[in-house]
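Chain IDs A, B and C follow the sequence of writing; residue 1 opens each chain.
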Amino acid sequence: MITYIARRILWIIPVLFVVSVITFVLMHAVPGGPWDQEKRLPASVVARLNQEYGLDQPLYAQYINWATDFVTGDLGPSYRFQDRRVNDIVADGLMTTVQLGVMAFILSVVVGIPLGILAALGHNRWPDYLSTSLSIVGIATPSFVLGILLIIVFAVNLGWFPTGGWKGPETWVLPTVALAGFPIAVIARYTRASMLEVTRKDYIRTAQSKGLQRSAVVNRHMIRNALIPVVTILGPTLAFLVTGSFIIERIFNIPGVGQFYLNSITTRDYSLLMAMTMMYAFAVAFLNVVVDVLYAYIDPRIRYS
Amino acid sequence: MATISRPVPGTLVRPRRSAGLWADAWSRLRKNRLALFGLVLVSLLLFTGIFGPLLAPWPYQAQDLKAVAAAGGGPLPPGSPNHILGTDQLGRDLFSRLLDGARISVSVAFVVQLVILTLGVPIGALAGWFGGRVDNLLMRFTDIIYAFPDLLFIILLSVAFRDTAFGQAIDGLLMVFVAIGITSWVTVARLVRGQMLALKETEFVEAARAIGVKDRRIVTRHLLPNGMGPIIVAITLGIPGAILAEATLAYIGIGVQPPRASWGSLIAEGQKWIRSEPHLVTFPAIAIALALIGFTFLGDGLRDALDPKLKGKQ
Amino acid sequence: MSAAEVPTVIELSPEDVRREQLERTEVRPAGQKADVLLKVSGLSTHFFTPDGVIQAVDDVSFELGYGETLGLVGESGCGKSVTALSIARLVPDPPGQIVAGEIVFDGIDVLKLSQEDVRKLRGSEIGFIFQDPLTSLNPTLTIGYQIGEAIREHMGLSQKAARERVVDLLSKVGIPRAADRLNDYPFQFSGGMRQRVMIAIALSCDPKLILADEPTTALDVTIQAQILELIAKLADEFHTAVLMITHDLGIAAGMCDRVNVMYAGRIVETATIDELFDDPRMPYAWGLLDSLPRIDDVKGERLRTIEGLPPLLIKPPDACRFHPRCIYEREICREDEPELTRRGSDSHYARCWATEPDGWIP
């Protein structure tokens, strides 16, 4: 098991390498450069800046420069915010983004799984209809629409929460709900389907034939097995939360790192863009390993092989 | 392949021939009310996507400035004369723009899935059929694509090529199709690979091999038709994701170029007026919701109808 | 065939069916044994599906004495398994429902019990061995836990005593190093070993009855014999009655004193095993016997099979249910369903016009 985890984590390195090369090449294929701003700089100034930042070197040399710095933990200078290092920019917003993502993830799991279980246990009765209707609303509402609606209803009309910002628990509620809405629906639907599938299994009939109480059949035999396939969608869910967070940060004016992603592309802020891509790629790849380990933990057939 | 046929009541003789796989699936689908509802929504979306411009009272970019000026400058509310769902602040008819948006969503839904099919099915089939190194290569590649945060990759691609001829094609939509397709094909490739691996071991394929049927023929005549069901289901259930991705991109200003507007960019524009004229957000949001619900229900229904595991069970 | 051409099904409500069944239920051959453990009379279990009402078990009656092993033989889909599930009221509802009949187990009217009381009967008084040991054990729980579960639920033993009992059961069913294997998971056992675990579960609370539903069908032939021997040995040791459900008359012959042959939801012949092999009185039973390999077979002769498939049981007409596949079939077989009537002895009954005293087969 430990060698498995180690191998999976080591495998992240080549993945990150390929991601970084693709991004680097694509980024430099984009016409224009970091110095194309509102007022055009004289060619001599651009040449001097390019030289200073090493942008006059061939692409492979630039990549090697970037990669050497990256490996030592130096994300380089920002081209756009010229007095700042990318490390500082990232450090400022990272915790906020992580916090938003983690809270939304917890909310998705804590609400989504019970919702799915309740729906399956009350199959074709009101708990099922209620839960299914909620998840339909969830999958039919893009997170940006949900965000706007939440702001209008709960911030503007009811005034219960602020419209944006990130200064204390009352500002956390709406963005977290907006981000978690879609994953809650997906997890609930998946859990319900998985529970209904498990209900038909032979070993559930065996459990019933032992004369166990209904609660024992449900808790020990059904839920645990039903959650195994649910774990597999936690990976995509985390990826969704990671990338979805930057839309939510935009809508709610949250000072996370997500806002920099789009900006760094449009302003050709090469080092910032690379840092953002690597961070997101690492987060997704690493969380996928975590999910797989969790999967092995819950399913003994995998744990022991 | 044995299929469970509908029994004929009141007789002791089993029907000799069962209905085919597809007829059987269709009869299941017809009994599923949610799936039928989904089918109706999808048909409606298809219809408006194809014939929308003919039905639209105004061209999507036409500005009824006189009406806006007469009303005092802002967007017209729903129910205004000549503008059943109102207009934006430039006097552009919301209903007509929604119909044009349906065309964009339909093309996203189908073109993206076409890209996914043309990439995913052959690659998955090759990997599954040949196994070994080819298979390994594909699996490693999918790892990388999975690790690429897809929305961010689409944005990067879209912005990178925004100013090129390619990026400008079809009002900026071509780029979106390709970008979404590139990030999504691996799911289908993996699925086809899995199908291929499972089917390769089945007796009818072994039989075909034993009598000397060529590889290519086995794949095209035996494996693909038998693996069709799950692929169709995956494609259908992938459509909401594509529509959602396009809407999200349009919302942040990537993809479709003004004056054309997709439902996502209509919401972005309408957001500025949300306090006084919420319909500019709610109508496009409802349109998106109906499209997502339609494809999701239809996909669920297809899965239940085509999934042999669930066959014969209630 | 397009879906539109399928004739519409007249929907029957459970109440309608129950009324109809009650009218049809007649007095069955009275029990000869005074000490019956299980008495099933007029049992009908139907499945209410969108395609119509499937009469999976239709007016089935039989008895089983304490410690006796009774065979229930027939093709798959004939209603054997549903009969067994009905006895412990485990038929999945919806869509299944017991619509008529009486099941008296050890003097208790099972169909009148509350859900809670039936639950207490399951596992403690009635044990189950299911067909497929690969799917019948929970993949995520250790086998020690799965065997101990019923013991803790029904016997009120302490953790330690329950554990000892589990180890004891495991060694009784022939699992080597039983104490070391308690924490293993089902996937770490072979098919035959898993079926031994199932047997341990079935026996865990000293039940009076074991319902063994095709317990060896999913196993290799060599393992089959071992498992059957084990069931026979332990049933004897625990003085447990066994309802042996199988499609294989050979297995029934080796295990049972008496056999009920089921076809299309009905019992079509009931006899001692000798009577059935010497003088079967129902063409379907002949078919079953003919399809057994025999030691005295002429070399090169092919095993005979019964042509055709069993019917689907939606609104079966009033006719012998076997007639479409029967080579002796005559007009009356198509027009009227025969009753289960006495043949040579008190223990031999058959449902066939042709072998009635005035029939056309002597």
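A few notes on this one:
Keep in mind that, in the parts below, a contact is a pair of C-beta atoms (placed from the backbone, for glycine too) under 8 Å apart; a residue touches a chain by one contact, two chains touch by 3 or more.
As the structure is a computational prediction, the values presented were derived from the model and not from experiment.
Annotation: A-B is the more contact-rich of the chain pairs A-B and A-C, by number of C-beta pairs in contact. Here the chain at the heart of the structure, going by C-alpha means, is B. Distance between Cα centroids is largest for the pairing of chain C with A.
Inter-chain spacing, taken between the CA centroids of chain B and chain C, is 49 Å.
Centroids built from CA atoms put chain B at 23 Å from chain A. Distance from the chain A centre to the chain C centre is 53 Å, each centre being the mean of its Cα atoms. Shared contact sites, meaning residues of chain B that touch two or more other chains, are absent.
Across the interface of their complex, chain C is touched by residues 201-203, 205-213, 216, 220-221, 224-225, 228, 298-301, 304 of chain A. Interface of chain B with chain A (complex): residues 143-144, 146-152, 155-157, 159-161, 163-164, 240, 244, 247-248, 251-252, 264, 267, 271, 274-275, 278, 281, 285, 288-290, 292-293, 296, 313. The touching residues of chain A, counted against chain B in their complex, run 11-12, 15-16, 18-19, 22-23, 26-27, 29-31, 136, 139-145, 148-149, 152, 156, 200, 235, 239, 242-244, 246-247, 250, 261-262, 265-266, 273, 276-277, 280-281, 284-285, 288.
Residues of chain C touching chain A in their complex: 88, 90, 119-124, 126-128, 130, 132, 135-141, 149-150, 153-154, 185, 187-188, 198, 201, 204.
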